[in-house]
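Have a look at these structures, which come just after this line.
Presented sequentially are two complexes of subunit A, the first with subunit B as partner and the second with subunit C.
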Partner chain A sequence: MVEQTPWWGGLLLPLVLVVFALAAASFDSVLAAKAAGAPRDFARPLRSAAGLLVQQRRGTLAADSLLWRAGGVALLIAAVLASAATPLGDWVVGDMSVGVVWFNAMEVVAWAAVWLVGWGANSAFGLVAGYRFVAQGLAYELPHMFALITAAVGAGSLRIGDIVAAQDGLWFVVWMPVAFVVYLLSVLGMAFFRPFDQATGADAAGGVLAELSGVDRLVFVAGRWLLLVSGAAMAVPLFLGGGHGPLLPGWTWSLVKTAAVLALLVWAGRRFPTIRVDRLQEIAWMVLIPATLLQALFVSVVVVWG
Partner chain B sequence: MIPVWRDVLFWVCAVLAVVTGIAVFRVDSMARATFALLASFVFAAGTVMLLDLPYLGVLVILMMIMEMVVMAVFMIMYMMNPAGLMPMTMVHNPKGSLAIAVGTFVLLATGVLLVPWPSSQAPKPEDPTMQLGEALMGDKMLVMIVLGLALFATMVATVVLATHRGRYDRYGDRLERKRPQDPSRGGLGR
Partner chain C sequence: MDLTAWLLRRTPPRPFVVATPGGTLARFAVERVVRERGWWAATSPAEANMLVVAGPPAPGLDTHIDRVWDAMPAPRVRTHVRAAAEASAVLVAAVAQLHDRVRQQGETKRRAVEPDEQVHEMSCGSAMPDMDHGGHDQHQSHGDHHEHENHQEHNGHEHHDEHQQHGGHEPDSGPEHNNPGHDGNHGHDMHHGHDMSGMEMPGGIPLADRAADRDGLMLDVLRVPLGPALPDWPAGLVVHTVLQGDVVQEARIELLGHSGHHAAWRDEVVDPALVHRLDSAARLLAIAGWQDASTTARRLRDEALVGSRMPGLDRWTRQVRRSRTLRWSLAGVGEYEGTDALDRLRHWLDGHGEPLPPELLPDLLVGTELAAARLIVAGLGLDLDQRVHTHG
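This part shows the complex of A and B:
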């Protein structure tokens, strides 16, 4: 039932993602203002973006500009490409037979992108933060992959459209709750969003963001928000039944569910304190991986004998 | 896809894969060399996808990004200049290695052109990913299970050999401590 859009669907996709990213950033700034007791500030993301557009670029001594810029651009492009496999109701930009693997490959680009941005500035803080993110990747990536595999096993297909179709009666979140929670955690981790934001931590003077300014900073920060949106949007077809829902058309349900997941992630980011990478590493390997393995085993048993 | 486009894409991917592959040995920084190699692998994955093997193609991209990032960490760590931030060269014994590289390339390319490749009349499978999975996991299941066990045992053994602090360091010589004594706090139960 999920069908590929004509070519112009690919042009609309970045626009939809940007609208979601702006809305999420706006919500985040409202939450921040509320916590600080300041007046609500919806337009702050737009003002910051405009400010970065006109800001003059700062340089550093002996920076590797090629790798530095490449990191930001790669993050932005990969975040959009990751969503090419995500259906909006019945439409999808790229109806790939290996959609799950494609999504996984595109969000792994963040590993290279964040490390490159940290490396390129030739700054100690950026370098430390770049390594922090690689360590964080080693923590969240395996549980994340097992969560993806669990949804694919449940549907018996790597095609996102088949996974949505398999949830016609029962959403996967009902019998794969562990995989769903781990997936959401790993989305926060891959977008190095709070509480997994040590790569941009204030304890390292902003980490990979320390030396980024002007358009470069805008590209990188936008890429991070788009990656968060892409991750949140993919949770809908994987676990929340995609466009399935009563009364309203499929695309509305996809939008509503994506907005709900995104709001939950942004709220969680403001609610919980930053988790150190070494601490996350132990939690990931001792708790999350065994939990996702048991979840995958349970789903496999149900699929084989159910 | 129109065959012409397939040809164009193939040549773009093939030429760029070779160019970025050469760049690995021409750049003067380990970070650039690593990511030039990554670019080369990604373009090679493009040619794999043109063979209608999307699973293998995307998997090459996925694995190579992770591998190259981890490799960058180790390569820079083992470099002789501090932190790998100084200019370096990837080439040792330049003339010899160039001769070997060109010789190997010519040999393989000649092989590709001279071998009479079999052409099949059988129709393309509906889902090559499924076919690949059955080919690997069907009658070769025992081999794959043994391989998996061997790999896993190797990994565990390597970690055990490499670990700086074992359980006697953490829990005491008689394992008498309730809570492990670690240099940095955090994680589970501490």
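This part shows the complex of A and C:
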């Protein structure tokens, strides 16, 4: 039932993602204003973007400019491409037989992108933070992949459309709750979003962001928000029944569910202090990986015997 | 219609706040304006468009503040809040300057020619470090790193007196430049071409030295000074660190600009101990990456400053005390006499806990990761202005 859009769907996709990213950033700034007792400012992300557009690009001494700037662009592109496999209701930009693998492959680009940005500036803090993200990848990536695989096993297919179709009666979140939760955690991790934001931490002067200014910063920060949106959007077809839902058309359900997941992630992220990468490592390997393996085992048994 | 001017007018201010010794109350006032107007403070000069110096002029810090200024991209504005009462007016005027097209065009032009000036400054060595410090900084890199033990000893004990002395009697001796021999860009203290040695090296930066690290591996040695121009950092404190990888191998402290003539802020506040505890908690939480809890702590601090009721205090205290993730981040950080940063934070929440002296820092910092260093500093709850009062 999920069908590939004509070619112009590919042009529409970035727009939809940007609208979601702006909405999420706006929600985030409203939450920040509430905590500060400041007036609400819904247009804050747009004004920040305006400020970055007129800001000078900064160079640093002996920077590896090509790789430094390429990192941000790679992050942006990877975030958009990852969503090519995500269906909106019945439409998908790329109806791939290996959609899950495609999504995973694109988001792994973030590893290289973030590290390059940290490396390129030739700054001690940037470099330290770049390595923090690589270490964070070691923590979240395996649980993330097991969570993805669990959904694929449940549907018996790597095609996202098949996974959505398999949830016609029962959403996967109902019998794969552990995989769902771990997936959401890993989305926050891969978008190095709060509370897994040590790669841009205040303890390291903004980490990989420490030396970025102007349009370079805009590209990188936008890429990060788009990555978060991509991850949140993919949670819908994987675990929340995609476009399935009563009354409303499928695409509306996709939008509503995506917005809900995104809002949850942004809100939850503000509730916790930054989780240090070394602590995350313990949690990931001692708790998350065993938990996702058990979840995958349970799903496999149900699929084989059920 | 001029698009640049239109965008410029919509630019949200991103203040980078540097407090000077004796400027505690001015800083509180600045932070209050920043918070209530919904501005977001910058974590690095690259992010900032407004440099706010809070507190009385401190000549010892000027070079460091200039360096932050040099590292800030245009549009930008620099302003100085000398006393708490003028914070609001000065910052509003600064925003007007930030949004002023003509003025910012000037900034952009100035920025464009600056690199050459800086190269000139570097090559004629006009900014040489003062002789006392030069001894350490310029020559330390020639091979005494392997004696870590000695250095720790050295840092732990001998330097205290020396630095207090500097702080106390030679406020102008301060400007120690980003040390020669290292990679030039140290986050905050970074600047273009201020490094003073190695002019013949490719790119103007000499290669890092190497030395055996704690595991016997040959690793690059980086000198990264932390402070004094950092947000949420004790005013006038500089921690000179030697890093291998991201592990602090050596650390020594220096106190700039504490000349001892500042009015003590504690005399002007109803409950200074409470205010200080809330402020320390706010700074520690900010470094620990818990923005909202930190903001709430600052709001409570501002209420405590004027002696008003603090309706959110209990809720905030409970939330911070219960946070398991905060426990993960702070447990075991900066252990001293059986208490770590987490214990000390809890003491602050409980309403006791006195500030610890900065002399503890070198011992606490050596052997930790750079990531933990700022948590350790924030976790001591230093009040250097109080020192000024009692010692000066």
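In the analysis below, the second predicted complex is superposed on the first by the 306 of 306 C-alpha atoms of A that agree within 3 Å, B and C clash if a C-alpha of one lies under 4 Å from a C-alpha of the other, contacts with A are read in each partner's own complex, and residues count from 1 in each chain.
Simple rule for what comes next: a contact is a pair of C-beta atoms (placed from the backbone, for glycine too) under 8 Å apart; a residue touches a chain by one contact, two chains touch by 3 or more.
Since this is a predicted model, take the numbers as computed values, not measurements.
By the touch criterion defined above, A:Leu158 reaches subunit B but does not reach subunit C. In the superposed pair of complexes, A:Arg58 makes contact with subunit C only, with no contact to subunit B. By the document's definition of touching, both partners, subunit B and subunit C, reach A:Arg279. In the superposition on chain A, A:Glu141 makes contact with subunit B only, while subunit C stays out of contact range.
Contact with neither subunit B nor subunit C is seen for A:Pro14 once the two complexes are overlaid on the shared chain. In the superposition on chain A, no contact is made by A:Gly94 with either subunit B or subunit C. Contact with subunit C, but none with subunit B, is seen for A:Arg217 once the two complexes are overlaid on the shared chain. With both structures placed on the common chain, the touch criterion links A:Asn122 to subunit B and to subunit C.
Among subunit B and subunit C, the chain that touches a larger number of residues in subunit A is C.
The contact surfaces that subunit B and subunit C form on subunit A in the two complexes overlap at residues 122, 131, 276, 279. Of all residues in subunit B, only 29, 31-32, 35, 38, 54-55, 58-59, 61-62, 65-66, 68-70, 72-73, 83, 85, 127, 129, 184, 186-188 touch subunit A in the complex they form. The part of subunit A that touches subunit B in the complex is made up of residues 64, 66-67, 70, 96-98, 101-102, 104-105, 108-109, 111-112, 115-116, 119, 122, 127, 131, 134, 137, 141, 158, 276, 278-279, 281-283, 286-287.
Against subunit C, the residues of subunit A that register as touching in their complex are 31-33, 35-39, 41, 44, 46-48, 50-51, 53-63, 121-126, 128, 131-132, 194-195, 197-198, 201-206, 209-214, 217, 270-276, 279. Contact residues of subunit C toward subunit A in the complex are 4, 7-8, 10-12, 14, 35-38, 40, 42-44, 46-47, 49, 71, 73-75, 108, 111, 183-188, 190, 192-193, 195, 203-205, 222, 224, 230-232, 243, 246, 285-293, 295-296, 299, 323, 325-326, 328-329, 370-371, 373-375.
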